[in-house]
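These notes are about the structure you will find just below.
Chain naming follows the written order as A, B and C, and within any one chain the residues start at number 1.
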Amino acid sequence: MSTPDDPRDANPKDPEELRFHYTPSDEPKPEQDTDNAHATDTTRVPEVIDALRKEFGAAVLDVERYANEDTVYVEKSRIREICRFLKAEESFEYFVDLGGIDNFTAEDRYEVFYNLVSIERQKRIRLKVRVDEEDMRVPSVTEVYRAANWNEREAYDMFGFEFVDHPDPRRMYMPEDFDYHPLRKEFPQLGVPGSLPLPPQTPDGELTMDPFAAAHGSQPVKSYQEPATDPDSE
Amino acid sequence: MAGSSGTNGQGFFTTRVDTFLNWARSNSLMPMPMGLACCAIEMMGFAGPKYDAARFGSEAMRFSPRQADLMIVAGWCSYKMSHAIRRVWDQMGDPKWCIAMGACASTGGMHRCYGVVQGVDNFLPVDVYISGCPPRPESVLHALMDIQEKIRNEYSVVQDYEVGAAGERAPIMPENTSKFPGQLEKPKASGLTLEAPDTGADGAEDSSSPAPVAA
Amino acid sequence: MAQPQKPDFPGHDLGDQFRFWPKHNEKIYERLETKHAWLEEKRAAAQGDGKPAGAHAPEADPLENEMILNIGPQHPATHGVLRCVVKMDGETIEKSVLDIGYLHRGIEKLAEHKTYQEFMPYTDRMDYLSPYSNNVAWCLAVEKLADIEVPERAQWIRMIMSELARISSHCLWLGVGMMDAGAVSGFVWTFQEREEIYSIMDEVAGARFTVSHSRIGGVANDFSPRAIEMIRDFVDKFPSRVEGWEGLLNKNRIWVERNKGVGRVTREEALELGLTGPNLRGSGVPYDVRRFEPYLKYDEVDFTIPVREEGDCLARYFLRLDEMKQSVRIINQCLDRMTEGPIRSDDAKEAYPSKEEVYYSMEGMIHDFMYTDVGTVPPKGAHSYHAIESPKGELGFYLTSDGTGRPWRVRINAPSFSNLQAMEDMLEGEMVADTVVIIGSLDPVMGEADK
């Protein structure tokens, strides 16, 4: 795989890339914006971050804050321990959400975030791990939070993370016969022609392919490894 | 009843078998609600108290394909679901009709994305399309009336469901649909054009010109 | 066509024909075999071994044979296109595997190609039983990301409409739930109330069902006097309707016996399985986003959050009825306390100008054009999560911005997804006839779960 670049600079002629672009606002991110009308106290967890730092030291990489929300970047290999610690010691017993983000950068391309809630303390915390394209393995947290099961399957389906020790590594939404991971940035919005068959037109006929995506020139762009296809198919 | 000649005051009436069957079929459609997404909720409204599909004889929703003859595909159809829909359609007994309800079922609508089939007519023979996202129940009633109109103009006995050349050439929609329902012309059985005769080299020579067919 | 190799799994007997996602099915059946059922785990914890308590030889009675049953994706009781593959011992479900994704259309992918305002109609189609709640959730999430303040009147309007959406969603749940338990006429009665809410939506937003009425920075248009009158009429009369349903069902022997003790989840299990919304509160966890982190004006109105301890289907039924009554209470307070004022932010970078401005002034037109074209532009690298309490539970949007008018990544935390995940384990150990009631009482919406 070639190094992915900023998608906007990649190939301006490419029809897939012709999004209308605006001047990005260059205002620096406000450091402490408690004036955000929608910010709440529930997302500020300084004492939890202190406890994490004390317990795990260098594994807590970074702390970010936007709109009064704390995001803790932690080391990928220790995410399971950190979750166990948060659940046992800091009473974050309710698992809310997990998902992936494709940043489309050369290194640390992906991120996985974990959204945890402590009902007792009325706090929310968001953990993030950075995942490199070369090594898509992420330790699964299902043994700590049982509810993470389907969310991890979904992240695997959409981004292709490999959750180590996941009890049920199947796709969540797409059928297993599908070869791609659609939420990656290089996956075309209209899909890859021929990747999903349509039913036959007669009760005992052959499968058909959707003519739509191909007619609109939808092709996988750049840096995307074609899955091994059978030359006889289609 | 359309096409009948009155009871003549003697307790019977005469009509054509086609007309009679079509009359019966069109007023007792049993919809198979293929409720996929938001349109399914409006389809419930269509069957519900305010709009009341029972006025058209279609209140008996049948969830078993064997008991239904009108499939209403309501909602966007993903590739994964399309195979299930086709299998349900194949299990429905003939004669059967299909309504694509809403923009998503008709064309893919606003969901122009990798997971959605851009219109169920890619794999289903759709009779009536309904626009709207989602359509109001009135539109569904209108579509139902369109289907009824279509049924009244079908050949149900004379030529339809035959095997062979005549069956293949049976028009799905007769030419004179604008005429009064039931007043169909007799199908021209004698003037039927059959398969092009196997004339060997002559036929293969020039495929652009219409091949002469036996009368 | 390539010859697909013949998979050897049950149900496949038609040679090399494509039979409904062969690879996919194979994996489902594989999972069904290898799954450690929750039931087994619980029993093992209780007894010290994994053997079911009263296990007897299955071959003794042909009715107690093991059997794999496929429910869905097209089944009237699955509330959409849910597919349950269950392994049964006699009539008891031993293991169950749910398969969702039959409505997957990639809404998160679509969002990356839309401006923030453009994406809002898609949220209508997520939880299509209560579109207004989703609109509000999306708008609040974007407003938090871009730091947009909403005028007070707009907040009251949003609150009233989201509570109406909650009532309408619960009405449908009750009607369909009754139908699942055998009372078909109940569906007609609750649908009558829904039609009234539809008429209100029609009057307020111009659309019966998929309203798209909320806007980033406010709402599209103000209530007309007639709309307020209609809402007042509705909330005056609705409590008596709820009482009518209570009179019908609360002591109804069929209803109680079908629901009591079915699908029981304890407090700890509910947290572990990640249930959300009324299902979580039905198990005794007082988690409601309206209280947990109040949005809009929920910290200024007086209402209680019903919580029940039993954790079975009957508890969830009582709880939802109580919620409807609380919604009426909230709407009454909102109508009384609603102030006059603007309904949208007047900053051209934050919200659409009013139609008068667009039609009669040059700036207004330019602003309208620019807002349609560029829209709201949050700062680069900003990311925030905002959740609301939708009728189904916590509905949150986690947005990441790249400094353009389109979101870089939209993550939707859908409550039905969490509830369905819990259902996979809740079904185990229940009778197969009770699956219908359990699905009904958890109230999943596939459009939301499948994204």
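What we mean here is this: contacts are C-beta pairs under 8 Å (C-beta built on N, C-alpha and C of every residue); 3 or more make two chains touch, one makes a residue touch a chain.
Just so it is clear, the model here is predicted, and its values are computed rather than measured.
Engineer: Which chain is most central here if centres come from C-alpha coordinates alone?
Structural biologist: If one averages C-alpha positions chain by chain, the most central is C.
Engineer: Is the number of contacting C-beta pairs greater for A-B or for B-C?
Structural biologist: B-C
Engineer: Using mean C-alpha positions as chain centres, tell me how far chain A is from chain C in Å, no decimals.
Structural biologist: That gives a centre separation of 22 Å.
Engineer: Starting from the mean Cα coordinates of chain A and chain B, work out the distance between those two points in Å.
Structural biologist: 45
Engineer: Between chain B and chain C, what's the gap in Å when you average each chain's C-alpha atoms?
Structural biologist: Whole-Å distance between the two chain centres: 35.
Engineer: Hunt down the residues of chain A that sit against at least two other chains at once, touch-wise.
Structural biologist: Within chain A, the residues that touch at least two other chains are 173-175, 182, 187, 189, 197.
Engineer: Among the residues of chain C, which are close enough to touch at least two other chains?
Structural biologist: Those would be 18, 21, 101, 104, 106, 109-110, 450.
Engineer: Can you tell me which residues of chain B touch two or more of the remaining chains?
Structural biologist: Each of 80, 83, 85, 87, 112-115 in chain B touches at least two other chains.
Engineer: For chain B, which residues count as touching chain C in their complex?
Structural biologist: Touch residues, chain B against chain C: 34-38, 40-42, 44-45, 48-50, 63, 75-76, 78, 80-81, 83-85, 87-88, 110-116, 133-134, 136.
Engineer: Considering the complex alone, what residue numbers of chain A touch chain C?
Structural biologist: It is residues 19-22, 24-30, 33, 35-40, 42-43, 66-67, 69, 71, 93-97, 99, 101-102, 113, 115, 117, 119, 122, 124, 126, 145-147, 149-151, 154, 158, 167-168, 170-177, 182-183, 187, 189, 197, 204, 206-207, 230, 232-234 of chain A that touch chain C.
Engineer: How about chain A: which of its residues touch chain B in the complex?
Structural biologist: Residue list for chain A touching chain B: 173-175, 182, 187-192, 196-201, 203, 208, 210-213.
Engineer: Which bits of chain C are touching chain A when the two form their complex?
Structural biologist: Residues of chain C touching chain A: 1-3, 17-18, 21-24, 26-28, 31, 35-36, 100-101, 104, 106, 108-110, 113, 140, 143-145, 147-150, 271-274, 285-287, 292-295, 373-374, 377-386, 394, 396, 398, 400, 402-406, 408-409, 411, 413, 417-418, 420-422, 450-451.
Engineer: Flag every residue of chain C that touches chain B in the complex, lowest number first.
Structural biologist: Touch list, chain C to chain B: 18, 20-21, 73-76, 80-81, 101-107, 109-110, 121-122, 124-125, 128-129, 172, 187-188, 191-192, 194-195, 198, 208-210, 446-447, 450.
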